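The first chain written gets the first letter, and so on, giving A, B, C and D; residue counts start at 1 in each chain.
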Amino acid sequence: MMIWSVIDILICALVVALAMAALYAPALRQRVMFFIAFGLVVAITWARLHAPDLALAEAIIGAGLTGAMLLMSLDHTSDMPREPASYGLRIGSAAMGGVLILGLMMIVSSLYPIHDGAPTLAVSQRQVESGVSHPVTAVLLNFRAWDTLLELAVLLSAALGILNLGPARRSCGHAASLTDGLARVLVPLLILSAGYLLWKGAFAPGGAFQAGAVLASAAVVIHLTGWEKLPRVGLRSLRLLLLVGPTLFVAVGLLPLLNGQAFLQYPVELAGLLILLIESAAMVSIAGMLTLVYLGGHPHANWPIELVNPKEPM
Amino acid sequence: MGSSPLLYAVTGALIFGIGLLASLRDEALLARIIAINISGVGVFLMLVSFAYRGFELAPDPIPHALVLTGIVVAVAASGLALALEKRLAELPKSKTHKEDSP
Amino acid sequence: MSTILIVVVIVPLLASLTCLMLPRLSDRLSLGTGLVQLITGGLLIQSLASGISHFHELGGWSPGLGIALRADALAGALVLLCAIVSLAATVYARRYFTCVETRYRFWPLWWLLSTAIYALLLSADLFNLYVTLELLGLSAAALCTIGAAKTEALRSALRYLMLGLVGSLLFLAGVSMVYAEYGTLSLMALAGQIAQTPATLVALLLLSSGLLVKCALVPLHFWLPAAHGSAPAPVSAVLSALVVKVAFYLLLRLWFELFSPVMTSLFATLIGGLGAIAVIWGSLRALTAARLKLLAAYSTLSQMGYLFVFIPVLAALPDEETRQLGFGALVLFALSHGIAKAALFLGIGVIQLQVGHDRIDQLAGSAQRFPIAFFAIGLAGVALVGLPPSGAFLAKWSLISNSLLTGQWWWMVVTLTGTLLAAAYFIRVLGAGFVTLGPEAPVKGVGVSLQAPALVLACLATFGLGLGAASLWDVLAMGSAGGQL
Amino acid sequence: MNSLSELLSVAIVLLAVLVFVAGTVALIRLPDVLSRLHAISKIDNLGFGLLVLGLILIQPAWIDGVKLFGIWILVLVSSAATGQLIARHAVREEPR
């Protein structure tokens, strides 16, 4: 069993080293590269800590999408002005920070051994009523469904904030036949695996967020290859795309209120089906929102609606 | 064998601290977004290592759901910040004189 | 299993989604939603006053397993405050944003912000509070950039967003440590178990510092004046009146309900000291502010300082009865500041919309041109300074008498100097405004429905809360506000 | 206790590690972009290929072997494409 602690030490050392590199590398471009590597090693850490859902999400969202966004915004960020703060200030803040971090590390280690709280035991006991056999999906979409609904609202508010800002990034795609070929291989595969991830979410690691993120990465590939031939997403369908996830979630949540039950209390026998329904709608919306978050602006000039004349009488 | 989650929790606390300190430094926005994301991963690392129950037992699913929510929230916030900065870079450097009434 | 809590939280979310789907209906829909929220808030307070405590286990799972929504008198009072201020700001925003397209972009985000506020006030789960805090920060930052946002507005919104993220991260670290130690996230379950251990103390520090960043207490305040000063008027009204106050509500919840065994008097005095610095420093900066909105933002800083000065006084109060009254005074002060500050920002917005700028030294003649708006600003000033008819006067009076009762006379000195400084910077505004222009000045009036919300709020702040304060106290007493307080 | 296939897979994986190390050293030491590119693509197809082969041998279910093989094909496709793009960019940069 000694071998595992060696591996653990290696992984932790690698994670800390990449974090330091991503924070203190001289040039911005290097930092982004180190950050993407950091995201991938963290995905391996989640796998080591028996959290496959998070490994998927970290690889796709943490390293993939966030990395792609950072790379795309590198071109309009001037490199950092090189005037480091006074030597004393830097040493002082580093020392003070170091002491605080050491204190936090000692306190965290004093928390062990961790024992299961009441909610954890309740999750395993009542797993069968949740309608799905994978515990993480059960917690996400049944026991703590309110968190997930608010999280969709967070994504929606970010997407709306971005849509109101300005035009989206121009696709810098030099439609070379090579990238075309790559996209022709990757995009169908990504869409296929998104569907697979969505379906698998009920009984194994996967689910709406990972599937939505995979779809968004397919959109990133399309944006990079600069395919103009694709049908333009109309304003109304863009709005519908953003809405279908949260709206369906709220609607399914409100139904139980009609016969006196609590909000989001799915009938036990229908729970599995309802969760699949919510997840597929959420996947579509998440894919749309994450693509907009990557594009950094609205694809249509007169978002949110085509006005006949701007001063349309109310 | 119970020691390994403690190692990850302590690493998580270390990364959380380092990331937070770096995010307070006055640098290009991109660097601060990277710092905040790294600090977020630090907290998630602490959460997941609190959930780890060793090789044989299944881990506690609740922190995994929390961290999944955290990852998605982090990418939403980073995306909004990057879009704001892109817009700032696009706006003409001179102060637009049109007053704030739309 | 009270469904009124669900109505309070879900109606704004549905409104946001419908405004996004059917932009042409969004104006009328927003007015309707504002009214529905006001009625629901009234019903909630009424049922709380008659002693019913509201509880809703989401998904039907027991609180330990699932998330629960809960409303006691404190939460009910703030829900009503939010309903009143957001209705007034909604009516105002409908006229303020003349461009139709901006309004269509404004409404969905506006109702997402309201959803975040209501969800945060009613939530009884620690991690759920983190998600609502994030939704609050993101939608508020997005709203600051609505309309033709200048570079200055964008830059301050970006700084606001980044600091909000730092605050949320600190909060999340605190949440993870509480979960590691106690194994549960539900506030009710935690309230009984919290014990005096080093890890709990560190968790309290992390949670509190995260929230202190969000309600801009002195060392962490520099983002507030720019953000509130450069946002559109209805947004900065809600930012100053509600968003900052909701973060303070969370601090109250944590300090007095969850972590009360860990709260030492030293911690309370330190917080009171920081509050005192905020009161003085905020008022001084308001005195020298060049623009009306900056003045209002600095005044928010100093008024929030008062709320923190209440903390050591309440902590030191001996018996339960006076503590209940003192807590009632704190809530009264928070309500009256919220409504008065919203009235002030909405009034300033009227002037800025018409005149094109809000520089104080060039305000000449604005009392002539916008009599209603300027009267509303004056009335709001009365409530903010804390002159007799207003609720703030009663709250400050109770603060001063309690501070003398507990022998901490210095809080009285801080309150008095703060009030004098506040009076000074308001007189400066009124003086500049009442300078009359020559007869030939173009007196271009402004639509009443743009000025009415500010006036209604100002009257509510001074007369409504002043005369109706007694009913607030017995609602709080009946609903056992703040749990163990 | 370890059967023939386990011994074989350990050997192959060690070989793969060797290729990774060699590729990394080459990446650091080689002077210009194109030759470095050569080193990286070696890591991708040969090193990773050996690693996948080693892992396939000890997979209980054959379907996992197919998945691993699929992963290798994907890595090959993407590294070929990116290698080409980097090379074209490097060549265009060179004359200046």
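Just so we're on the same page, contacts are C-beta pairs under 8 Å (C-beta built on N, C-alpha and C of every residue); 3 or more make two chains touch, one makes a residue touch a chain.
All figures in this text were calculated on a predicted structure; none of them were measured in a lab.
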- line: Highest contact count belongs to chain pair A-B
- request: Could you grab the centroid distance between chain C and chain D? Build each centroid from C-alpha atoms only and quote it in angstrom.
  value: 58
Query: What whole-Å value do you get for the distance between chain A and chain C if each is reduced to the mean of its CA atoms?
result: 31
- request: Return the distance between the CA-based centres of chain A and chain B, expressed in whole Å.
  value: 11
- request: Could you list the positions in chain B whose residues touch two or more of the other chains?
  value: 16, 29, 46, 50, 62, 66, 69, 73, 76-77, 80, 84-85, 87
- prompt: Which residues belonging to chain C are in contact with no fewer than two other chains?
  reply: 99, 127, 131, 134, 138, 141-142, 145-146, 177, 179-180, 185
Message: Which positions in chain A are in touch with at least two other chains?
response: 104, 108, 111, 114, 116, 119-120, 123, 144, 147, 151, 154, 157-158, 161, 165
Pairs of chains in contact (touch as defined earlier), listed by label: A-B, A-C, A-D, B-C
- request: Note which residues of chain B are touching chain A in the complex, please.
  value: 1-19, 21-22, 26-31, 33-35, 37-38, 41-42, 44-46, 48-53, 58-62, 64-69, 71-80, 82-87, 89-90
Interface residues, chain A side, partner chain D - complex: 176, 178-179, 181-182, 185-186, 189
- prompt: Okay, in this complex, where on chain C does chain B touch?
  reply: 97-99, 102, 127, 131, 134, 137-138, 141-142, 145-155, 157-158, 161-162, 165-166, 169-170, 172-173, 176-177, 179-180, 185, 230, 232, 352-353, 356-357
- line: The residues of chain A that touch chain C in their complex are 103-104, 107-108, 110-111, 114-120, 122-123, 126, 142-147, 150-151, 153-154, 156-158, 160-161, 163-165, 239-240, 242-243, 246-247, 250, 253-254, 256-257, 260-266, 302-305, 307, 310-312, 314
- prompt: Can you list the residues on chain C that touch chain A in the complex?
  reply: 1, 3, 6, 10, 13-14, 16-17, 20-21, 23-24, 27, 56-62, 64-67, 99-101, 104-105, 108-109, 112, 115-116, 119, 127-128, 131-132, 134-135, 138-139, 141-143, 145-146, 177, 179-186, 189, 198-199, 202
